[in-house]
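Working notes for the structure below.
We call the chains A, B, C and D, going by the order they appear; numbering starts again at 1 in every chain.
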Amino acid sequence: MTTTIILLLLVFGVYLVAVLEAWISSGRFRLTTPILSGIALLGRESIVPRKPDRIFFEVAPVLLLLSAVLAATVIPLMPGLIITDLATGALFINAALVYVLVAMLMAGWGPDGAYAMVGGWRFLGQLIAYAMLIVMPITAVVMRAESLLTTQIVVSQDGLWNIFYQPLGFVLFFIAAMALAFLPPFDLPTATGELAGGVEAEYSGVRLAVFRLGRLTLIITLASATVVFYLGGWQGPWLPPWAWSGIKILAVTVTMLLAGRLMPRISETDLLAWCWKLGIPLALLNIFLVGILVLVIP
Amino acid sequence: MISGARLGKLSGLRRLVATAISRDLTTFVIPGPDIARAHGLDLAAAGLQIVASPRHASVLLVVGDIPLALHDAATVIYAQMVRPRALFILGTEIFSSLPDADIMSRLSQDGLIDGVQQLRTAFAEGAFRLDVADFDAPALQIRIEYTCSMHPEIALNEPGSCPKCGMTLIIRETQASTGRAHTKQKNVDVSVDEQMATGNEHNAHHHMSDAAKVEFTCPMHPEVVQDAPGSCPRCGMNLEPRETKTEHTHDHSQMNHDAAVQYTCPMHPEVVQDGPGSCPRCGMNLEPREITESETNEHSGMDHDSTDHSDMDHGDMAFMSMIDVTKNLPRSTDGLPMEWTEAPFGPFFPGLPGGLMLTLTLDGDTVADSKTQPLFENKELLPQVSPDIVNFIQQITRFGPLSPVAFQLLACQALENAAGLEISANVASARIGALEQERIANHLGWLALFAQQTGFNWLQRRAASLQLKFCLADMQQIATLAADIQSLIKRLGKTPLLKSRTVGIGKLASDSNLRGPVARASGVANDVRSTDKNYIALGFEAVSQTQGDAYARLQVRLAEIIHSLKLIQVSGAIERPTPADTGEISATGEASVETPRGMAHLELTLQKGQVIAARLETPSTYHLDLIKPLTEQQALADALVAIGSLDLSPWEVQSREIQT
Amino acid sequence: MTAQMFFIAFFGLAAVWFGIAVFRTYSMVRSALALLFSQTALGAMFLSMQAEFLGVLQIMMMATEMSIMAIFMVMFMMDPGGLSTMDMIHQKRLSLLAGIVSFLAAVGVAVFVDWGPVEMIAPDPAQQTIALGLELLGRSMLIFETAGITILTSMIAAISVAIQPVKQNTVPTITGSNHHEH
Amino acid sequence: MDSLEQYGLLLGILIGTIGFVLSLFALASAIGKTRKESAKDVPATAGQLTRDPAWVRYHARYYGYALLFLSFDMEMAYMYPWAVVYKQVGVVALLDMGVFLAILFLGLLYGWSQGALRRQ
């Protein structure tokens, strides 16, 4: 029962993200745009390039959607509302989201096109930049929660949310989450201005619809993961828990979509240099600080 | 009805899909969204959504007249669109290679809006049809040839295995219609790039002749010798290439003839010369390098392997080792011999000016080489320039669809110079107002294109809307828009990541043939306005920077926008230049005007009021061949930013002798 | 019991099938990703054997590392797309022999080594992670630290082999020396 | 819900998502087939037809970072179990992991000084 509720909420969340993204990029708030563009995509032809790696080309969008949906299964929206409360929940989110990279490599190598090829391998460089900045902050969160259970992580934040307990970890995780969902300013694989759509360019029709569905699900899943790890999940005064979860996820999604509009795309060289030379030392420092805090405050 | 409909009866589900598509019109603009904005078209307001790839587009929007060189590219884009697709042409006649236009309308915003209405109804009713014809055109035909994936310069007409490395050849389709020998310069060692590849070319040529005398022998049965690759009659093993004895000795002696010491460039190890000197690619002086012992004996080593083949374990010598295969490949800056692929960033690339024919040779995501073609061939005469003055001026303005006022002013001033007329001060200052208004509109258009290329969504929408409002604004509206533009420029100063994407990229030393903002950003004070008395009267002073990189060019253009706003305030009136009536005179006149991209110069000779000869010099002609040095060994993102910062207009490239 | 046995067998066979696919394809990226999915099937097998931490860790880490293997294969192997269907398998007899010997050795170890008493009920997954953590900090802290040292040596070895020494010894700036003048 | 049922549920969601995507594909093919036309299936590159395969050896410039990443990825495998029991074990865990992370940070500094952390 809880599974169907959460999957329906996920579909509603994806629709909401689509409406928000259309509103932010075109400036017109219209509830029907995502539905219309979805049906239009279904109605258009879906072309397969002439000499593709057919398995990669077909599997990539499905794998992107799969990895986003599986990562959403361990997200608690309410004390009882979670699909599978895995004992290694935090690790499982990370494991599911790694297959976004595999999907993008397949989408890059599959169509045998120049832009897709560059886009695919650039995303591998992007993973090398952000992967450590996802793992280390989660480690700090787990240190405080003493367990990998996502429900336990939320419960451990009841007095003081993690965003205040370990702000450095929050900032690093937020940036790495935007890089994982290749949202601007980290849209290196699907850069419209540099690679004419890059990895997404060769998809059309229903395959493009699945690819975009996967990307939107990825955004809503990452937003809810940020809420679970750093913003105290369903906890909050006055309002019922499910309302708090919804508000926080919506707020994080809007921040993620807005933050990208206000700056140009980062270059891969700078992304790698900043993440490795500044990000990882800060992440290690964050672990060290949290280590001391956990021991000092009983 | 639309020509690109899908096959199917317009039943319930398909009707819903047709109406959905008619409401979600994704558009690919030819020659480019920047040209559409320059013509004052606001596509978003009309309900069209611009997309980056023809795969995502339902409507092909053709704006203004398309030069002959772009007809093939437009056909290719139309062929690559997904059905249901429609062709929407604004303000030009259709050209042969595209199907007949579904909607045609005049080149203006209201022409666009009622064209979009017709498109919506056409899609709603005609997206699905029972009789659908396939689209085909000569530009799309293919010719099959066989090549080796490791040595793409091999191009045989029948299957077999590669003479160089024995791998089975793969099918490769090439353009049939162009007919020109489609020799792929995949790796530079074969390209006839004289100064760079002397060493390599000699090597490759030597290799090529070497291949002709290669024999094929079976590792198990050395007595089996064939000229063509194939499988051994005795044991069915596939045969390997082996150089015959005589060839080998000549080859060896030729190696000794080379001086024991070769000179190579630390940055470009593929540049190999016998004598000392400076590297043709980057000018650094070459360092001596003895031919390392391994290279010589490796060569002989390979020969040694191939001779006493039989006694060694036959399995592992079947394929050529990577060292042999990549011996002649050019090495990148980190010494790795990689294959370079040619990727077109051609006429309709979303991040670059529309119509810029560009092909980049990519080594991974680093640009190793770049090739551009001008839109108008020198010898191919432009649309017949008719002799009478009014048509002549009208056709001159077509050279610069992005800056028509500047070219019109250029023609008028040349005519007045020929007739020796003097124009009154307030007409001159009104003309200055019009020119500065267009300069601001052009710089805003460039900002929008730069933002589109670097993924800066807010700036792209803000600059595009300001540009559209600005080029139609009269004096009062300009006053109100000035405040918005000032706040935009202030906001740019505080944008994170903007500096790191532009500082140090596309650095240009100051040299004479730079023009316009690109020159002023490198410290070259080359500005026609500083010597024009009307401008000095309005209090003009030139703006310049010195670093000469993309950031400096951005700063110069922003400063010019602010300065031009002040000039318009001072001139007080805006009025498009109209040709004065010069009557039947025969004389020569010349003029130069500071167009938004730099100084354009026109000389024309009149005979009894008819223009018989004219020579036009445009700034982008000089900037086109700056692309190659700017993008050499740069990351793709930096290279595209550098090319974008030049603000090229492919329409005005190629200084032409216009013979009427 | 039977459902669990079925899934263990299913994922084991899937891992073997993907393993075979690694050598049957001509394309480098396909063989790298076949190995990746073989490891994922292995991780799923661990999950079906109720070793949750180990399974999830296997699924996660192998994906990134096999992808990095994929880029290195594409960079350094001839014709990575497998266009010319060149037969990549050589030393067939030698490798067949090695395969059989190692299979027999594995079966031998599995059968003859004394693994201690068989736990009928697997411990609760959360407990497994805690037990692993205590193990790391307790009895096998030495192994944990030697692992750290070996990772450090692999780092230093890889860098000294692969990276060209920096010619002009620029001070290592944050954004690297990519904007150096030509 | 014991762990095996959870994994079964995950497998069910996986198969359900694949089923959903297949139903979308079926719906799309019910609407109409893709017509084979000349040059339609050539990868779209800005208006010029390039029919050559793009599957060549790709020169990635981040292999310095990739080598270091492999080692840091290994290190991460040890950090999760340690983090779970950290509060329970106390200072010993802090010192223990401190040494481990210091060793690896040393490797990062070595890489940085040797110029691995740049675009090669």
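By definition in this document, contacts are C-beta pairs under 8 Å (C-beta built on N, C-alpha and C of every residue); 3 or more make two chains touch, one makes a residue touch a chain.
Since we're looking at a predicted model, the values are computed, not measured.
Asks: Identify the chain pair with more contacting C-beta pairs: B-C or A-C.
Replies: By number of C-beta pairs in contact, A-C is the larger.
Asks: Taking mean CA positions as centres, which chain lies farthest from chain B?
Replies: Most remote chain from chain B, centroid-wise, comes out as C.
Asks: Taking each chain's centre as the mean position of its Cα atoms, how many Å separate chain B from chain C?
Replies: Spacing between the chain centres: roughly 44 Å.
Asks: Quick one: report the Å distance separating chain A from chain C, using the average Cα coordinate of each chain.
Replies: The separation of the two C-alpha centroids amounts to 25 Å.
Asks: Can you work out the whole-Å distance between the CA centroids of chain A and chain D?
Replies: Measuring from centre to centre gives 13 Å for this pair.
Asks: Could you check chain C for residues that touch two or more other chains and list them?
Replies: 27, 52-53, 57, 64, 68, 71, 74-77, 79, 81, 83, 124-125, 129, 164, 172, 175-176, 178
Asks: For chain A, jot down the residues that touch at least 2 other chains.
Replies: Each of 42-43, 45-47, 86-88, 91, 109, 112, 114-115, 121, 124, 128, 131, 147-148, 196, 201-202, 205, 268-270, 273, 277 in chain A touches at least two other chains.
Asks: Please list all residues of chain D that touch 2 or more other chains.
Replies: 3, 31-32, 34-35, 40, 42, 44-46, 50-51, 53-60, 66, 68-69, 73, 76, 80, 83-86, 88, 93, 108, 112, 117-120
Asks: Does the chain-touch network form a line, ring, star, complete graph or other?
Replies: It is complete, because no pair of chains fails to touch.
Asks: In the complex of these two chains, what residues of chain A are touching chain D?
Replies: Contacts found on chain A: 3, 7, 42-43, 45-51, 61-62, 65-66, 69-70, 73, 83-88, 91, 109, 111-117, 121, 124-125, 128-129, 131-132, 135-136, 139-140, 142-144, 146-148, 196, 201-202, 205-206, 209-210, 268-269, 272-273, 276-277, 280-281, 284, 287-288, 291-292, 294-295.
Asks: Show me the residue ranges of chain C that touch chain A in the complex, using the header's touch definition.
Replies: Spelled out, the residues of chain C in touch with chain A are 27, 29-30, 33, 36, 52-53, 56-57, 59-60, 63-64, 67-68, 70-71, 74, 81, 124-126, 128-129, 172, 174-176, 178.
Asks: Taking the touch rule as given, give the residues of chain B at its contact with chain C in the complex, in rising order.
Replies: Going through chain B, the ones touching chain C are 148-150, 162, 167-170, 266-267, 282, 313, 315-316, 318-319, 322, 325, 334-336, 338, 500, 503-505, 507, 632-633, 635.
Asks: Where on chain D does chain B make contact in their complex?
Replies: Residues 30-40, 42, 44-61, 119-120.
Asks: Report the residues of chain D in contact with chain C in the complex, numbered from low to high.
Replies: Result: residues 3-4, 7-8, 53, 55-60, 63-64, 66-71, 73-78, 80-86, 88-89, 92-93, 96, 99-100, 103-104, 106-108, 110-120 of chain D touch chain C.
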